[in-house]
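Working notes for the structure below.
Labels for the chains are A, B, C, D and E, by order of writing; each one numbers its residues from 1.
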Amino acid sequence: MARRVKRSEKTGLPPGTLIHIGERRSEKTRLRLFDYNESQLLEKDLGGVEEAFPFRDTASVTWINVDGLQETATIEQLGKHFGLHPLVLEDIVNTEQRPKVEDFETYIYVVLKMLYRDPQGEIEAEQVSLILGNNFVLSFQEGGGDAFESIRERLRKNKGMLRKLGADYLLYGLIDAIVDNYFGVLESFGEVTDSLEEDVLVSPTTETLSTIKTLKSELLFLRRSIWPMREVVSGLRNSESTLVKANTRVYFQDIYDHVIQVMDGVDNSREILSDLLDIYLSSVSNRLNEVIKVLTIIATIFIPLTFIAGVYGMNFDFMPELHWHWGYFIVLGIMATAAINLLLFFRRKKWI
Amino acid sequence: MARRVKRSEKTGLPPGTLIHIGERRSEKTRLRLFDYNESQLLEKDLGGVEEAFPFRDTASVTWINVDGLQETATIEQLGKHFGLHPLVLEDIVNTEQRPKVEDFETYIYVVLKMLYRDPQGEIEAEQVSLILGNNFVLSFQEGGGDAFESIRERLRKNKGMLRKLGADYLLYGLIDAIVDNYFGVLESFGEVTDSLEEDVLVSPTTETLSTIKTLKSELLFLRRSIWPMREVVSGLRNSESTLVKANTRVYFQDIYDHVIQVMDGVDNSREILSDLLDIYLSSVSNRLNEVIKVLTIIATIFIPLTFIAGVYGMNFDFMPELHWHWGYFIVLGIMATAAINLLLFFRRKKWI
Amino acid sequence: MARRVKRSEKTGLPPGTLIHIGERRSEKTRLRLFDYNESQLLEKDLGGVEEAFPFRDTASVTWINVDGLQETATIEQLGKHFGLHPLVLEDIVNTEQRPKVEDFETYIYVVLKMLYRDPQGEIEAEQVSLILGNNFVLSFQEGGGDAFESIRERLRKNKGMLRKLGADYLLYGLIDAIVDNYFGVLESFGEVTDSLEEDVLVSPTTETLSTIKTLKSELLFLRRSIWPMREVVSGLRNSESTLVKANTRVYFQDIYDHVIQVMDGVDNSREILSDLLDIYLSSVSNRLNEVIKVLTIIATIFIPLTFIAGVYGMNFDFMPELHWHWGYFIVLGIMATAAINLLLFFRRKKWI
Amino acid sequence: MARRVKRSEKTGLPPGTLIHIGERRSEKTRLRLFDYNESQLLEKDLGGVEEAFPFRDTASVTWINVDGLQETATIEQLGKHFGLHPLVLEDIVNTEQRPKVEDFETYIYVVLKMLYRDPQGEIEAEQVSLILGNNFVLSFQEGGGDAFESIRERLRKNKGMLRKLGADYLLYGLIDAIVDNYFGVLESFGEVTDSLEEDVLVSPTTETLSTIKTLKSELLFLRRSIWPMREVVSGLRNSESTLVKANTRVYFQDIYDHVIQVMDGVDNSREILSDLLDIYLSSVSNRLNEVIKVLTIIATIFIPLTFIAGVYGMNFDFMPELHWHWGYFIVLGIMATAAINLLLFFRRKKWI
Amino acid sequence: MARRVKRSEKTGLPPGTLIHIGERRSEKTRLRLFDYNESQLLEKDLGGVEEAFPFRDTASVTWINVDGLQETATIEQLGKHFGLHPLVLEDIVNTEQRPKVEDFETYIYVVLKMLYRDPQGEIEAEQVSLILGNNFVLSFQEGGGDAFESIRERLRKNKGMLRKLGADYLLYGLIDAIVDNYFGVLESFGEVTDSLEEDVLVSPTTETLSTIKTLKSELLFLRRSIWPMREVVSGLRNSESTLVKANTRVYFQDIYDHVIQVMDGVDNSREILSDLLDIYLSSVSNRLNEVIKVLTIIATIFIPLTFIAGVYGMNFDFMPELHWHWGYFIVLGIMATAAINLLLFFRRKKWI
């Protein structure tokens, strides 16, 4: 979870200077091209960026996926050929953008966050930039994970409508794949909270508290990453651009509903955690009460008895009770009676 | 209360693939048809979906109720014949939609949540999908409960305006039946909170806390299920579709008022529970105070007395008081006086 | 304070069925008629609803007040003659409506809540329905209280503008009378909170807490009853209906200001109560601190002294101090010095 | 701080009845007139309201200031001559209005609150009503304080633009004078909170809590009095009335900025107080912890020692240690060792 | 952090009076001029304000930077020559403005806050005023810090687009430089919170609490300074003024994104601090629990044992146990058994 904004390295540089900001997730930048229409499909790993250029103006749909953002020169070259604004290129390599959609008339620029748990169980957010142009889609990933394999599979096997419809439907498919991922991340919370619920009631420790806090801040991170997606998706749905065709819009409405569903799920989990926190606090304070009750019961029973014992330990010359034959046993009896009465009193108070 | 979103089973499938997502509430899908006008009524259980097809274009109002969503093939067939969009069919069988209304020009698609307490006392939310077309209404239920019997009865007995007005009024009737159900669920809370109120004051246990928490999260679940209904109903009321006639709109306004009433009731119950929670916490802390007071009173009275006894238990050779004839009784008197004064002090402090 | 929504009795009945829902406040329905213009006034108790019919179309202003909503037949008859929609009649007898205004072109329907304290000191909310038609006003009250006597008096004595202006001004007068009542209810809180303030500081008990809670929930009830009034009144002020004349609008603005003033007062009282609650809690915890301090002071002083006494109560053969002539008094002196030093220590810590 | 709404005295009276509601701040109503243009200035105390009438229609700017609102007859007369609506007059003498601006075409009515600390240090809010007409301004004050002396001075000395511009600029000047006053009131908080900050850390008492609460509710009162000023001033700035000239609007923008500044300052102070409250609570609970720690340390050290002493105070016939020559000193040594170890344990725990 | 509004020194002065309000950060006012186009650059320190006048109407872009706001006469003269409104000049020298943008048709006035940590580590906010006119930009700084050196460098070295584009792009550059600064300030928080996190868990002191509070209020100060920047930048982006050219607007969108990023970072840090505060409080209360547990364990073990010792210290004539040969050792054995059982009981309760 990269929670801290670090942008100061760029301070003072003129805008449009391409510097990769963010974690370095892959060493090399890798380009993969799909060029397809309903009847044909070309899949190809590109050696250099120039190999992509001829596909820009073909009638078939072209999808170029860029994995890894270190080689800014490659990205700059690609951007120049496809007519992207310098600021767009800057945003692509600076992976601390918020999700957003921007319409540049000849193309639409979309920034998304792909979310997944890394092997250590930490939530990672990777920036995915998508460019929808006339008959082409460019996608830029940081290279740590990949959410698009299912799309490639559907392209190769010609499943569904993907090969029948245009570049805007491909854009929809890519975004949908990313949003589908969110559900998986969200479900991982359900399992953790279930096990927490027992801990909280049975043996609340500071560690429990810390886990609850971590989960809460992860959910907040999720929320903040997903929240702007609503605007992005509704921006695409209501876009006035001719790049998004009318019959694709209903699909963006569908993604919109999914985003709302995820948000609902996130809010739901947050409430469950808030409840757990309350129960944790109440549970801790209950244990304190129990401790104090034990102290009070013991002290209340024995302090008076000790006092009585103290009285008959005094060394006065004239203490008649000391010389009674059964004095000792009478005192023991009185002590026992007092103790039993106190125990009954505590029982009546429901302390024991 | 199905509180967790589970959608990952669908991850990677192309949109429009019909997979039933949600609890499996009934084994079989059952179709029931009503075809009526003011003078005639036909009620029929359909053996196969094809039996429904001829009714689509009759001038009389046709209502087909589908119970159980497992047989996706049947639903797909029905959907195709009545011209429904694949995404609508997907939403019908995926029972994790939020309430919404969508206008597809030739028909209007409405998603609702029917709420009821199951035999275990848990709140269940079932998705009800309604399609309003030209002279027909399709309704899809999960099959766990049924809220429409009162409508069937009114159709059979020709009570009220139902048979006199068109399909939009039937839609109104169905939605109204669902909203009426909410009031019942809401009233079930009143009874529980009444009994809680006593518990909280008399014998607050961790169980009480847990019940309050459960009720609160149930109410939140209710709220979230009902909240979007406002938009749904006002969407229908203000709809520009010709499928909803002008004189039916005032009835949707009426439902709208009912939804607001339920929301008010829910918020009301939530506040009562918040108050109970506060009183619970204050009650628990009062009991702690009481325990500590008992400890303090006992310790404060007996510790000084024990000290005095200790003094006269010392074995010094020269301790003149020990040899006074009435020494013992004088000391006992001093002890009694001290104890009485401390008790008076506590009484003045209102501790006892 | 009827805080719980009970509507389930109606579940399943067709809309427009007149059933009185709410508390039964009066046994009989009573009709009273005023018919007036600037020069003449007719006041009459009506034996039957038919007696009211001829007044509908007179040029003079007609005000029919209906007290008690049990006799739904009477209300239905009246409603039919004056052309009211069945849903309006249903809302009139179902006294759980929120305040609202609805424009039916030939008449305007207004629902209000009249608030007052009943003899037991509980806040009661009664629904008042007003119909403004062309030259007539119908008012429907539940019959428990009456807020309109001052209006009747002004009509009889021809005070102010009431007789000079039309039915819309009468409507204004009736609403103004109800809003004026709110101020009285609000002031009743001031007196209670003043007396609470002392309790909270001097002798905070669980009862105090419970009173604060009750007042808070009463204020919330008030707030919820009055809040929608803003929309009602501004709805009338900005109404496009010709039934509300231009020169009456400024008066509705005046009521609007009053409603805002009441809301401010309610919010004010709520804050005072929140403050009282905070002080209550702080006061309770202060008392606990005081108790614990007493315990600590007593224990800290006497436990060491008792230890010293214990030491010289040991029975070792060889304990030289025991045989010192002034041993006893030296030990007593040491004890006194220790106690005094501890007391000074506590004083420096500002504990005593 | 007049925090309670008292309006019930008016209940039942017809609207437009002039009754002074609010504190009686001055015994007499005093009228002062300024009539000026760039070259001439007339300042005059008016004996009777009729003396003001001739100035209404002069080309020079006329400012009539009314101090004290008891003599409603005078105000009614003035209002009638200057063509004010009866409801405006009612609002002028009922000093419980919220700040607002109302455009009556031939004049603009502005209600403001002037704030100042009275000699007892309490915050007072006085209602100031301003009427901007064609070439005249009427101002109505309650008579407890006066904020306009600086304006009079500038008129007399012909400083700034006041004499050069029209009545709308005078209105601006008067409002600006009132808003300037707010800064003074706000600064008075800074001084109090500074001294509180020390109290809270060094010696938190219930009194400290009560002071914080008072300051918080005073700030709330301030906020509520100033908040509506934003709408008032932006209402004037964007007014479509010809009474406010185009080149005056930029000045209202300036006041608007000042109001926002004050609001920021108020919110700032409120946060400082919230922080103080948190620190107070934390400070109180720290002191409790300290008290309990002292108790625990004392008890933990001496209770075991006392037990040991008790053991050797037993009177068994056969207790070999008692007869060891160095027995007593060995036991004393063991006790000292135990005490020192416990002290080291507490030091390691950072308790002492 | 100048958190308190001090404006009362100005109370009563006519608007447009130039008085420098704010901290006096520099003794002298210093003017520096840049005049450039793509091919030429003139950099010059101005001796007097008149030297700047000839540059106003040149075709090249002129940037005059004013450092230090004490010499109000200089600023007034400059303002007059460049046609600035008196209220603008007043706002420039009164450094307590909120960030805002105002369009005066012939020029645009922008107020910003430059943020930096001073040598003592306190956050300072300096007001920067910018005037964008036709081919010129005026900038006014308080003189404590300087954020524009990178811009000057880029001008001198002709890096980026700065020399190629007009005055509006220079304005963009200046604002961007200030926003870039925010990132540095924000990052300084990350370091402090990291070290706090350990303190809170290991050794929470009142000082820790106070540091958390200080950081929180600094972040609030940051938030409040930056928040209005959103409106400022979006105001410039959407400005209808011809002074901002179409192709510059996309750059303002870029700044807008940066401002949002900073806001996100600030909110993020605030949540981390809130979490730290919660953990601090929980940590403090855990330590209290631990203290009380120690007390209870010690007291519960030794108080009963002391009682037993007390019993056999009594001086009754007839106490048979005292004369048993092994009596002493039997009692010691009973005591040890009791202690061990209690320890096992505490272990089972997970207290030790």
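Heads up, the rule we're going with is that a residue touches a chain if its C-beta (ideal position, glycine included) is under 8 Å from a C-beta of that chain, and two chains touch if they have at least 3 such contacts.
Which protein is which chain? UniProt says A, B, C, D, E = Magnesium transport protein CorA.
Because the structure is predicted, anything quoted here is derived from the model rather than measured.
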Can you give me the shortest step count from subunit A to subunit E, moving only between touching chains?
1
Report, in whole Å, the distance between the mean C-alpha point of subunit B and the mean C-alpha point of subunit E.
43
Quick one: subunit C and subunit D, Cα centre-to-centre, how many Å?
27
For subunit E, what residues touch not just one other chain but two or more?
288, 292, 295, 299, 303, 306, 310, 313-315, 319
Drawing the touching chains as a network, do you get a line, a ring, a star, a complete graph or other?
ring
State the interface residues of subunit C toward subunit D in the complex, per the touch definition above.
150, 153-154, 159-162, 176-177, 180-181, 183-184, 186-187, 190, 201, 250-251, 253-254, 257-258, 260-262, 264-265, 268, 271-272, 275, 278-279, 282-283, 285-286, 288-289, 292-293, 295-296, 299-300, 303-304, 306-307, 310-311, 313-319, 350-351
Which residues of subunit D touch subunit C in their complex?
3-8, 10-12, 14-17, 85, 87, 90-91, 96-98, 100, 102, 203, 206, 209-210, 213, 216-217, 220, 224, 281, 284, 287-288, 291-292, 294-295, 298-299, 302-303, 305-306, 309-310, 312-315, 319, 321-323, 325-328, 331-332
